[in-house]
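Each chain carries a letter (A, B, C and D) given by its place in the written order, and its residues are counted from 1.
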Amino acid sequence: MKKVQSICRALQQLRKRGEIMADANIPYSLNSKHVAEATRSLLHERGVTLAEIAELVMILQKKYYPNLTMEECLENVDAVLSKREVQNAVLTGIQLDKLAEEGNLLSPLQEMLANDEGLYGVDEILAFSIVNVYGSIGFTNYGYIDKLKPGVLERLNDKSSGVINTFLDDIVGAVAAAASSRIAHRKQADLEIEVTGTTEEDKNL
Amino acid sequence: MKKVQSICRALQQLRKRGEIMADANIPYSLNSKHVAEATRSLLHERGVTLAEIAELVMILQKKYYPNLTMEECLENVDAVLSKREVQNAVLTGIQLDKLAEEGNLLSPLQEMLANDEGLYGVDEILAFSIVNVYGSIGFTNYGYIDKLKPGVLERLNDKSSGVINTFLDDIVGAVAAAASSRIAHRKQADLEIEVTGTTEEDKNL
Amino acid sequence: MKKVQSICRALQQLRKRGEIMADANIPYSLNSKHVAEATRSLLHERGVTLAEIAELVMILQKKYYPNLTMEECLENVDAVLSKREVQNAVLTGIQLDKLAEEGNLLSPLQEMLANDEGLYGVDEILAFSIVNVYGSIGFTNYGYIDKLKPGVLERLNDKSSGVINTFLDDIVGAVAAAASSRIAHRKQADLEIEVTGTTEEDKNL
Amino acid sequence: MKKVQSICRALQQLRKRGEIMADANIPYSLNSKHVAEATRSLLHERGVTLAEIAELVMILQKKYYPNLTMEECLENVDAVLSKREVQNAVLTGIQLDKLAEEGNLLSPLQEMLANDEGLYGVDEILAFSIVNVYGSIGFTNYGYIDKLKPGVLERLNDKSSGVINTFLDDIVGAVAAAASSRIAHRKQADLEIEVTGTTEEDKNL
């Protein structure tokens, strides 16, 4: 028994590092660490830093919380990216961007993604599932930032580069909007603790 | 049989005009005309004209379609308001605004609505069900306009008046965003008809 | 300064207990404890116990986790109810049910709620915002249980009693579905910890 | 000018038939006919007939409308598939299924799709955007059918075949749920026309 378990662990290790395929006679089992790491690594590969997303958060929130620091923004972006629902959307969206960039999608999906077709809304749908993780209060922040495209969003949306970021720009805006919602919830908790010494504002976010 | 049917029709007529209550021993039956009329009448009662919503549509769409007319904007707002899903959201949202204004909601819902509490997002949820009627492409338009609050939205959002529009300002922005999505779909159809003589872009919107 | 703060605290205390109105010259400030308590108290008032919701969770999850205990189900229901987004939906939905029961809504919203109109979907929309808190994996559980109406849902859906639960039955099903999603996430974390000694499955749920 | 336009038309023609690539120096322009045809053709390629989807609709609706015919069910499935939002979801979902089947996705997305991972919910998210096209009343029908997996859904969900239908089974269930919502709206219109001679139930669905 002990032995089986240790073999199992070793295989998990290998699969985690991507050194063996999922179907190589090892029963599939989700590895949350692998999923979390792939999410951050894909964002990095596509040229997006967490600091850039944190800057979007600052743009959205500084007028409400003048003392908000970049460190807090970063911390909240990080918390958003640790959510499974967010990771699934990031992995799926960037995968589709990369396939479109390589020309490996079927027509007409290929052309719709390559041209960021205005009547194609699956990118917004994925973005939405990200925003939703911290509730409906983030909807407007997402829409606002996605329309104005400040900071990193302007670069991601630049069509002249040959890079396809049809999903990524929406995803990055959504992560920033979700982080903003998280900040709003936590600032409320802080305020209540300051005034009343306690809070029932949910701290598991 | 004929007689029963004509009585039934007469009762429908009365209920439609609101002259008899739904529970007065008449089996309930939805009356779509009554629902449609109540939607428009409540918007009117709360001081919102369809022309003002059409102006929001123009703000959102004129840069994409320079020849867009106010008449087209109005026609699209009208089409959005004829959707059952939209009517349900309008009736429910304005009802909650009115009850909050009269102080007739239970605490703490009363205070949350009266103060347009930032962590209360049911208004955004209803707005979202309106935008969704024309698909996910309208999400960003809604968020953008809800944040900038141009035109009628500025007035609706004025907290000094004593009037409570916690739901209404989101609803009006959502109707404008949905109308914008509808325009995008129809302009595509028009373009295809112009170039190829035909379209399979869905015209039932 | 100190004095102002202590007065502020005292007023908060009174408002928290509902002893003073929100508009009585005290600046509004959200009280998360009040919101949380009102949520549980309204569910209780409408005759729904957390144990009954936990039973729905057991129905949904026992085939996946044969060792699942009622205690775990209860704990997960409790966690769902501590989420602000869920509390907002519960407070709003039950408020509308109560107003419909008292006949205090405008026609035709009054008749649509009183008759659980099939083409009225705002109850489903609120339910959905609850399910969404733990991501999209809960959608099917909600739909399934809402259709089959086991346990407490059958009672809530009984139209003969004069009680109106148009929103409540959807809300209760949604809370059970959300708790099921939370269990799925946590069981994955437990499994990973067992096999690999660690997990990055998000534990803040 | 005239000449340019006729060349443009000819190129459109060729691209429509898939005979030239989108990037062959022709400005991109969405072709709704191509999108509509690809949707139906991909469903066919993956072994799903419209008649099978219509059977799911019949399962969902026969108890409410005993006289419902298979012809009506088919007609409503057809109408759902003519919606752009639905086409986008079908094209994207089947594309991801096919890529997973070929092993062409990045790890861990590859393994999550290949194993229909329970904590991956993007398939439900896409399904949801389909259901939403006819409003929130379809949510429960989708969840119910997705859980019970009658008819074609059982076959699609059979993991033993080597075929990957992680997205397709949700999509097919969602199309059936949306068609059911459409029927509910239209039957209401028919009823009102029968009783009162007219309806304002929206007929553009």
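Following the convention adopted for this analysis, a contact is a pair of C-beta atoms (placed from the backbone, for glycine too) under 8 Å apart; a residue touches a chain by one contact, two chains touch by 3 or more.
Just so it is clear, the model here is predicted, and its values are computed rather than measured.
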Joint neighbours of chain C and chain A, given as chain labels: B, D
Relative to chain C, which chain's C-alpha centre is the most remote? D
Between A-D and A-B, more contacting C-beta pairs sit at A-D
Indicate the whole-number Å distance between the mean C-alpha point of chain A and the mean C-alpha point of chain D. 27
Cα centroid separation between chain A and chain B, in whole Å? 32
Set of chain B residues in contact with two or more other chains: 30-31, 35, 84-85, 119-122, 125, 129, 135-136, 185, 188
Residues of chain B defined as touching chain D within the complex: 5, 8-9, 12-13, 16, 29-33, 35-36, 79, 82-85, 129, 132-133, 135-136, 185, 188-189, 191-192, 195-196, 198-202, 204-205
Okay, in this complex, where on chain A does chain B touch? 118-122, 124-125, 127-128, 135-137, 139-144, 146-148, 184-185, 188
Please name which positions on chain C make contact with chain B in the complex. 18, 22-23, 28, 30-31, 34-35, 38, 42, 84-85, 88-89, 91-92, 95-96, 98-99, 104-112, 114-115, 117, 119-122, 125-126, 129
